[in-house]
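Read from first to last, the chains carry the letters A, B, C and D; within each, the first residue is number 1.
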């Protein structure tokens, strides 16, 4: 019997507790921690690129795609989550390794995924048959229920970051999965995916879409499936030029609506010039920060984490987060904020700065160090 | 170390697995059950009113409000959820007992709650100071971050059903809780709450609200906080009269927007006349069915559950559900569908009828039987 | 040639003007009044009930429905609109007279209409076949492209106010009209229309509508087609009771969305207790005020208009309007505000009070006086 | 007395008509044409570029900016509109001429405007102080209530097309106008306006806008104020490449919402390769087609209009329109469709093709021919 049985020195109350457990009921007045004063399920945590890259490479050598099923993926497993392979209670974060000449066959699933390329060149991801080139810094979407497969026709491996809403969708008990055919699709390499051809310019949307969006699943997502690093880089530079604050952030968005790229996931790129410090802020919802470029330090609830390119930092819901860039830096942020907002739970607060370097904060311990 | 360590007969692979665990990483290719073909986290489950009422009464005798903290609540604890006091992975369901002369002091929290009164009369719930009378069949909202307290000035107990989004909000790590003052508020009994005075008629909304909604929390919820049984009863009768199908359903909604009463919770009352049978349908998202009146049977994925007034049945995500009413019946449904829809995960399917009585289905085992 | 030809003393310029007119072009620099500092197309204007009722009655005696086409309607013709039968540049206002035993056959059109009953009893309006009883004070909708016909089975005439968006729809060149069959429809008198049966209670919406809305035209309108005076009266009383300001206003709205009853028309009922004075406010957009009950005075841009039951007052866009009630009064307001808002043109301003009685303002001249 | 007085051979009816006119009322049964079967206010009409350019040039020689007020504008005056300087009942179309070294000082107004550059180079339009370069094919927005001024620091004139919602806003009696200071603003030429720096890439929106939008008026409009011809050209080429139909259309849109650039105006660029023919379609709402490039023919309700670069064609509401391109062509379309849609009046229909060339249709007569 899984239902917990409480005990009491008063035999009548004790008997009540026995009968409650027998009836699969729980006395609220004996529960603890059910309603904390503030969100408290996670601590911040950081994974080092050196470790991630090393283990991804070893996996590439030792574990074939055939042996490893569809995908060669190392999932961030936050130690606070009881052994689940999840970065936070809502977000999946992972590093995927696709060796030269390797192929990952098609499947589809209701959880939504996105990729940010960290290393390598010349890989193609086919999304519902549309071939999308992958190069470092590119963000590629494979929304819920879209068929997707990966091809690495070159000789060098590619390593990318995978972000999914899988923990959330699993908590909602809404996971569907369907494998595709064993054989891979043919495709013709093209300079731009069909998706990018149709939404190539800010503020211009096709009136009759030559490739009408076929909603293969229930979701509502961006029809633009690739956001090129060169464009993101240029947009951030222009924003800094326009504003002059030493920092700028873009949100990847659906060009037809301005909404987030997926109904469950927000993706942003944060640029900070060397020396820039952000104020300490809290917000409801968890985040995965991926250092794409540069180095710096982040203080989360008083714990300092130094970081450089490739490191991945999880910031918990309602933690006080402040950054300082030591070099010009670009941090990719994946968060669950669209769901937090839709559920009416969004809230933010500003905190006094915690001091990134001056305070002599002990470096927080991290995985792989 | 919580991060799972896999083993392999190949020493190199085994070493990789050791290092992955050390680095808080998990090989996707060794995970099982992470991506099921369809949602599968729960089985259907039923709690009997006789058991619920008996244990609620005994709790009323044995456990004081002072002893039991703020609230005397028996939470449905689904055996599939590993001991958590949750009815489903997203929904809290419970029976609350407030004895004659008892008071439950004010608190507020980010999870949203609603009550459906099952037994008793003359209780007042104050929501942000607005006194709302509670009578059998009434639905009363205490949205996220609203202060609420309960007063039973009479001599007889009241029993009501509590529905909350607590499991969901906990999974989103967005729980805030704040106790109020120890002393209770004064109030003047009035025939209608201020909330009801302002939204008394369908299709008429105040242009200048005499009691402007003070958003005490981040949520967006109905400004109408009470839905009277007499009105619900009349609406269902009129719908059946208008359509003549032997069944009708109303969704409790925000009169200013038509949206669900809370961004995370959908509430509906389903009326079926004696003999009415519904088709078998699946949908993503879980539900709690509370039998308010009548008797009948429900088949969930081939398991038949007979029910009568006060029984509570949980139907899992993507289960095939069909009802048959033996008497004229009213079933209250609480579901997580607004979040499923906001996350782009809504999906439904029709199934061949499973046969409620003819098939000789064994009665499913239930708690408290 | 309609295109205006300007003249100039300089022969070269004069020749240019001649050629411009020949080419159907106009020099902007010779236009006057095209871009006024503020809206200025109309003056306020008032029609007296005594006149309206007298002429409606005489029309009833002298002009048969057969002779007068489908409808016996006296349209308010604002003298500022160059002879057009329009109350404002966007709104149609009229008094319609349907004698005892008379019938008005079905037609439909893209302009949307609503009626407020002023006198009589026992008339039925069929909207897409749904019979809706009409009694004094009731508001009945006949949205764009709905078939509608009127039956007066009794012996006494009915007089109602007609409000339409016809001038607006005509300015948008979007008028479609279609006559129905000559013979009238049969119907069974019922205490409630199907429309009212389906939306009888605030905050309760049918999940499966027994009479699914058949969008017969392109518009989006309230599925609730009748708003009873008794309900409006009760709602206003409750609002005043809840707030205690001596005044209250309800907006008639779509119970499924909270939006205006029609995409082009806003309808409100304003209650002022005796002695209540409103501040002077301006807003973009014109209005037709119909005095349903009571007496008082309104100052519009310094012109005082006294009014009593049945009088109809037009207030121009951006005019400063303030009311004072001498008796408990109910004023029905029809406005074009939904379109003003959709076009991004909404704007309001508060003005110093102009004084309704104290200032010794001369009574403005009115039609029919 | 403007209110029309009808006559009748029956003296009693005649007396009624006299009294109705006296009371500023109109008998509906004597109105004709008020409710046409279908929209019918306009005929199609075409202005030739040769004429437009010639007269604009002569105005530039003969009429100074000082003499002509703020702007040297030749407004299209549709002969069906009784002498008003309007292209359609809702849309303003004009050709504006700014000579070398000329300046047009700042003003603002509630009607929204946009410009498409036809000839010239090196002009700057300042919108709320943000300098926007103007080059051929560029679309520049000056939304409602934004301050705007034009500077031509070069030696050659610039000619552009002006599109406004002025007739609509005037019909809504919502025109506000405010002149700015006599002296012009200083500005620093920059390769990109601030507006373009902030929204430079499709699908990327700034999280903290360095130049927060200051809503200077009530409208809701695109924060991106310039759409470059090179980008539009590229987007159209990519769309044709993606789809291969020989035609493509982009809608200029707000990059933060996907909505139209202004709440009252839709702007599109239609590319047709040589030989492409469109089907004949009707829609509610009027349009101004500006030939930016190429040549071809359009049949409107059976009237054929041949066109080449710079010509401007008005298509009425509900007219059947079909195009054929003789050369690769780009047609800019300005329409009132956002308002038609907001008012719930949108409707379309397909018609049998009318034949552009084969049918031997007589060329319709046009202005300036």
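By definition in this document, contacts are C-beta pairs under 8 Å (C-beta built on N, C-alpha and C of every residue); 3 or more make two chains touch, one makes a residue touch a chain.
The structure presented is a predicted model; accordingly, all values stated were derived computationally and were not measured.
A.B. asks: If you walk from chain to touching chain, how few steps can bring you from subunit A to subunit D?
C.D. replies: Graph distance in the chain contact network comes out at 1.
A.B. asks: Quick one: subunit B and subunit C, Cα centre-to-centre, how many Å?
C.D. replies: So the centre of subunit B lies 45 Å away from the centre of subunit C.
A.B. asks: How many Å are there between the centre of subunit C and the centre of subunit D, using C-alpha atoms for each centre?
C.D. replies: For subunit C versus subunit D, the centre distance works out to 31 Å.
A.B. asks: Go ahead and note the Å separation of the Cα centroids belonging to subunit A and subunit C.
C.D. replies: Measuring from centre to centre gives 54 Å for this pair.
A.B. asks: Where in subunit D do residues touch at least two different other chains?
C.D. replies: Not one residue of subunit D touches more than one other chain, so the list is empty.
A.B. asks: Pick one for the touching-chains graph, please: line, ring, star, complete, other.
C.D. replies: Shape = ring; chains linked end to end, path closes on itself.
A.B. asks: Dump the list of chain pairs that touch, please.
C.D. replies: Listed in label order, the chain pairs in contact are A-B, A-D, B-C, C-D.
A.B. asks: Please name which positions on subunit B make contact with subunit A in the complex.
C.D. replies: Contacts found on subunit B: 1-4, 10, 12-13, 16, 19-20, 22-29, 31, 34-42, 45, 47, 51-52, 55, 58-59, 62-63, 67-69, 71-79, 81-83, 85, 88-90, 94, 109-112, 144, 165-166, 168-178, 217-221, 262-264, 284-286, 316-318, 336, 339-340, 342-347, 367-368.
A.B. asks: Which stretch or stretches of subunit D touch subunit A in the complex?
C.D. replies: 192, 194, 196-208, 210-211, 222, 224, 227, 231-232, 234-235, 238-239, 241-245, 248-258, 261, 268
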